[in-house]
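Questions regarding the structure given below will be posed in turn.
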């Protein structure tokens, strides 16, 4: 049981850092390797770790399954929503240039928007899938 | 893959993924390497382990070696090797693949998009639509897995297990 | 010099075929999925090899609003294969997740993940 | 706004899918699905009409001109296939409500519609795009959702069939990716129109020939061309009825479209037929598929499986038309894409009605249904006759062009074979008809006609079978224009 | 109504008739009355079309265009009018007969019977007035389908088997041979319209024509050219009115009519003679004539014997078409009429014998003529017409066929015709002879037996008298046929 304690404490310390790293990967994706997808995976990993250590119920109290499923769906809508927005602003679908006066800035906004969509979906999907597999195991075991 | 302990098989596959991530770095594909490490060695190994926890670790029977798959694989591999014969040499900057649209990305993206990571620029803008498709694929996977594994009432399942 | 300039493709193809063979010859469903993963990862390598430029570097510009004069003398690897493969990796993991979920359900309903055992159970059920 | 229709027709179902997840309510999810499908159909129809009137439409996604960005490009060929997918989706979605309530657990129904819409999105996405890699991405959207949908069948064999489909489908998709990669390495482009320009310079390289081979095998797997059809019969048999009706009528059709698009537009007919001798591969495979699969269908006792084998045979007819490498042959293939979707959609919907009332689609279970469920079985008879190719049904129109194409090439034995296999279709359709009409209903309980919610969409398709059999001018004109586009090389 | 509208009406009237029959299914008297009235109105309509055509008009109307360039088109021309006249007139008579028969025999599902009967007549009208080969093919297939429920009317195992053979043979031949030939024709000629002088002349290579013609002759399974005749005897399980109208008149005549029409308007008789493409088929027809007669001899079952007699007689018409000269075509066309009236008389009599005396085998008929004199005398007249003896109408058609054979220089065929006439005289005359001149085996049995029910008897007398009238007054049919061969 003593190893358990180490793991629990270790997890508690690690989780915030992992989340922080995920956010870094996300927002620094323009300058260095990484981006929405990797960030989503890393953020999900933080909660997967938390779930593995503290149990499914604990993590589901923090992040209810319905919430992560909604995230999975929401991200797609955010991504496509950016595209629809550009259409309303007179561009083509995903033509970010129209999002600001300066097309280059527009591109920046657009990329931030869609990357946000990616991170939300990937995070939601990864945690959902973890929940589903883990939930299955708990009942059959 | 003659190993009968599936746990070992999955770990080997994870290591293979990690090694390939290393190769990707060598070949300058840092973004891909990062993703492969996170996905191939990370998520996918976790998923496999999760599945193994549910289905058991051992392959029941020694694998037999049917002839047909071997022939199929040899033909496929042979065809591919044959195909590489006329492929441009590895790493030659003059290859057609590096010009045409690639040039545009490298030369124009600083003006058109203005972010240093060209992979991100291509991913999110030039081919942003592919990325939306990719996000949709991920979402689709979640829907499919939910369809398969979502909670069901306990009773019918137990009946099924006994049947 | 086909031999030297293409050897890396051939290594990749060899790995690819190992995965492919595992996938279509093994009766264990988990092994099939592992085979699929190896197969696909090797295809990714094939793509990345195509994008490699000898002496090139990762396609991340040195300066955010890099002047063309500055970028001209730096040789960057082709970013497009990287982008394609990022997408392909994600698709791969999505397929893996669905496949594993199916395997879990198959185990629950058949009590086995061996293809021949499942076939036998199905044949008995049909008879 | 109308210039955005081409992208909106994909976006509408795509955005409706998350809504189904949010709503968590079966009825609402169904409503979203029906609305999205109908909206898509409207958009597709507008696009189709415009293409027929004024020629190809292009749409630059993200305002990036191809080949730098991804392009949507609709010509007569994909406008036609879009129409097929949208029509079938719009008929199956209303039909699904009652059928799915019976065959799928209540808790999963919103997810069902989410997956259904994603499958619909994926198929439309494959069809509308002008970028080869984008094809792969949307192919996976449709495939992954299809695996999930098929696994929902009540019989546990649905799970194994879905898994088998997943393995073979993934091999197919990976082969396609390899093929795309090899094309890309030789040209540096992913845009179809651009590739069509660049490929002739590298035609005689081994790499391009191998790329061609990999694309061919990958697409053959997806379209279940004999002998790569093994995933199909079980998948169709055990999937929920609405899913079978939808997938049988659309998924393989879109795969045929991919074949046409890759081999006629991207590589070009001259390369396919003069260099690669594609016809010499397709012709024997198609003939063997038609004959053997029709024969196998005759001996099936599960009617859904019977129809599934018949589908493999019918795919053979489409491939046969393509192998003629002529405008008439392609017209026949393209017509049969549409016509087969109409008839198989209707037939599988009949099976859904039978499943709803009887709970089985075993041929013995259908004894006496001619009296008990007259409207359902009448629909089966009409759609079945269409499958056989009886005049005044769409089946006849496709057979007509197919035989005309064979005679034009001077391949009269092929023409005779097509006619003889029509008779084999008659045999397997007639087996069901005889059981339904000449045997007594064995059960005591009072079995009634299927509910109107199932009958109306089904009869809509059945009547379409007759309507376009009596007046095929629109469909033939559309298919012919598409065929000319394909034979003319790059659009 | 304008002539094109009349042509369309002759299709719609029987179709509407089905609706009335269905609506009145609760009241048998009204239902049968509806059938009769529809039949009468149809005959009147066809008569008006006849007048228009005799006046030189060729009324045509396009219904739809399934395939671009190949419309579904109705057009009245002399040959079609001849067929339509016969079919519509005999529908009246048959309905009358059926009323007596179906009630006397206590058949079930009478509404279904009358419904599909009317529908079959509608498709017969479609065949008769088809404006092109494609339209002909469609109505030909609709006719097969709509008569299927009639053939399987009894619903027994035997009826089902017969139904399977019926549809099997008709669909197989029509799809594999006929449809192939049609599409081939279209590929060669680029059109399928029935045109005087044919559409293949100058377009088809000489080597192709015999094959194409053969595909048509065998592809029209309804003409029952051997070896594709099996469906006809099999279909005799149907109730007698069905056998009478459909398998002695409408269905088989639709077959031989199609062959005549294809010969005249697709190939063109001059073209055929010039190429000599039809000679081999003359001998196929001749073989069917002889073989059919010989098989008829061996049958003791009355309906089976009549069925094989039909097989044999149909090939007279096919032969007439294959002779490909004016006399042959006129003879063939007139034989459609003469054989129709003769054979329907025979079937009516057979049905009457079956309903009243419950006899189906010829050996049981001894002495029956004494209790059913009218029936057996009618049978005698029908026999005369089939054999081709005066004073019955059949003698005219046989005369022209013989002339045609001589004109074509085929003396052998004249011998075939004579031999076959002798054979048919022998196997048909046996029946009235047995009825009138043999003593009954067991006398008491016939006591309760009288003539057939009155409506049926009227029908029998009417067709028998018609056979005689056609001997003295064959002009309408003759004039129509001369219009066919002299454009």
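Going by the order they are written in, the chains are A, B, C, D and E; count residues from 1 in each one.
The rule is simple: a residue touches a chain if its C-beta (ideal position, glycine included) is under 8 Å from a C-beta of that chain, and two chains touch if they have at least 3 such contacts.
Remember, predicted model here, so these are calculated numbers, not experimental data.
Novice: Tell me which chains count as touching both subunit C and subunit D.
Specialist: Joint contacts, listed by label: A, B.
Novice: Taking each chain's centre as the mean of its C-alpha atoms, which one lies nearest the mean of all protein C-alpha atoms here?
Specialist: Per-chain C-alpha centroids ranked by distance to the global centroid put D first.
Novice: Quick check: more C-beta contact pairs at A-B or at B-C?
Specialist: It is B-C, judged by the count of C-beta pairs in contact.
Novice: Using mean CA coordinates as chain centres, what's the subunit A-subunit D distance in Å?
Specialist: Spacing between the chain centres: roughly 36 Å.
Novice: So what's the Cα centroid distance for subunit B and subunit E, whole Å?
Specialist: Here the centre of subunit E sits 72 Å away from the centre of subunit B.
Novice: Report the inter-centroid distance (CA atoms only) between subunit D and subunit E in whole Å.
Specialist: The answer is 45 Å.
Novice: Mark out which residues of subunit A touch at least two other chains, giving numbers and ranges.
Specialist: Only 31-33, 37, 69, 72-73, 76, 80, 83, 93-94, 96, 129, 132-133, 136, 140 qualify.
Novice: Residues touching two or more other chains, restricted to subunit B: which are they?
Specialist: Residues 30-31, 35, 39, 43, 47, 50-51, 54, 80, 84-85, 87, 95, 97-98, 101-102, 105, 114-117, 119, 121, 123, 125, 127-131, 133-134, 136-142, 144-146, 148-151, 160.
Novice: What chain-chain pairs meet the touch criterion?
Specialist: All chain pairs meeting the touch criterion are A-B, A-C, A-D, B-C, B-D, C-D, D-E.
Novice: Which of the residues in subunit A end up touching subunit B in this complex?
Specialist: 29-38, 41-42, 44-45, 48, 69, 72-73, 75-76, 79-80, 83, 93-94, 96, 103-104, 107-108, 110-111, 114-115, 117-118, 121-122, 124-126, 128-130, 132-137, 139-140
Novice: Name, in rising order, each residue of subunit E that touches subunit D in their complex.
Specialist: Listed in rising order, the residues are 64-68, 72, 134, 137-138, 141-142, 145, 152, 155, 160, 164, 167, 171-172, 175-176, 179-180, 183-184, 186-187.
Novice: Sort out for me which residues of subunit D touch subunit E in the complex.
Specialist: Residues 389-392, 396-397, 399-400, 403-404, 407-408, 412, 415-416, 419-420, 422-423, 426, 430, 434, 438, 469-473, 476-477 of subunit D touch subunit E in their complex.
Novice: Of all residues in subunit C, which touch subunit D in the complex?
Specialist: Residues 20, 23-24, 29, 32, 36, 39-40, 43, 46-47, 50, 80-81, 84, 87-88, 91, 94-95, 98-99, 102-103, 105-106, 109-110, 118, 122, 125 of subunit C touch subunit D in their complex.
Novice: Which positions of subunit B touch subunit C when the two form their complex?
Specialist: So the residues of subunit B in touch with subunit C come to 1, 6, 9-10, 13, 16-17, 20, 23-24, 27-32, 35-36, 39-40, 43-44, 47-48, 50-52, 54-56, 59-61, 63-66, 69-70, 72-74, 76-77, 80-81, 84-85, 87, 89-93, 95, 97-98, 101-102, 105-107, 110, 114-119, 121-123, 127, 130-131, 133-134, 137-138, 140-142, 144-145, 148-149, 157, 160-161.
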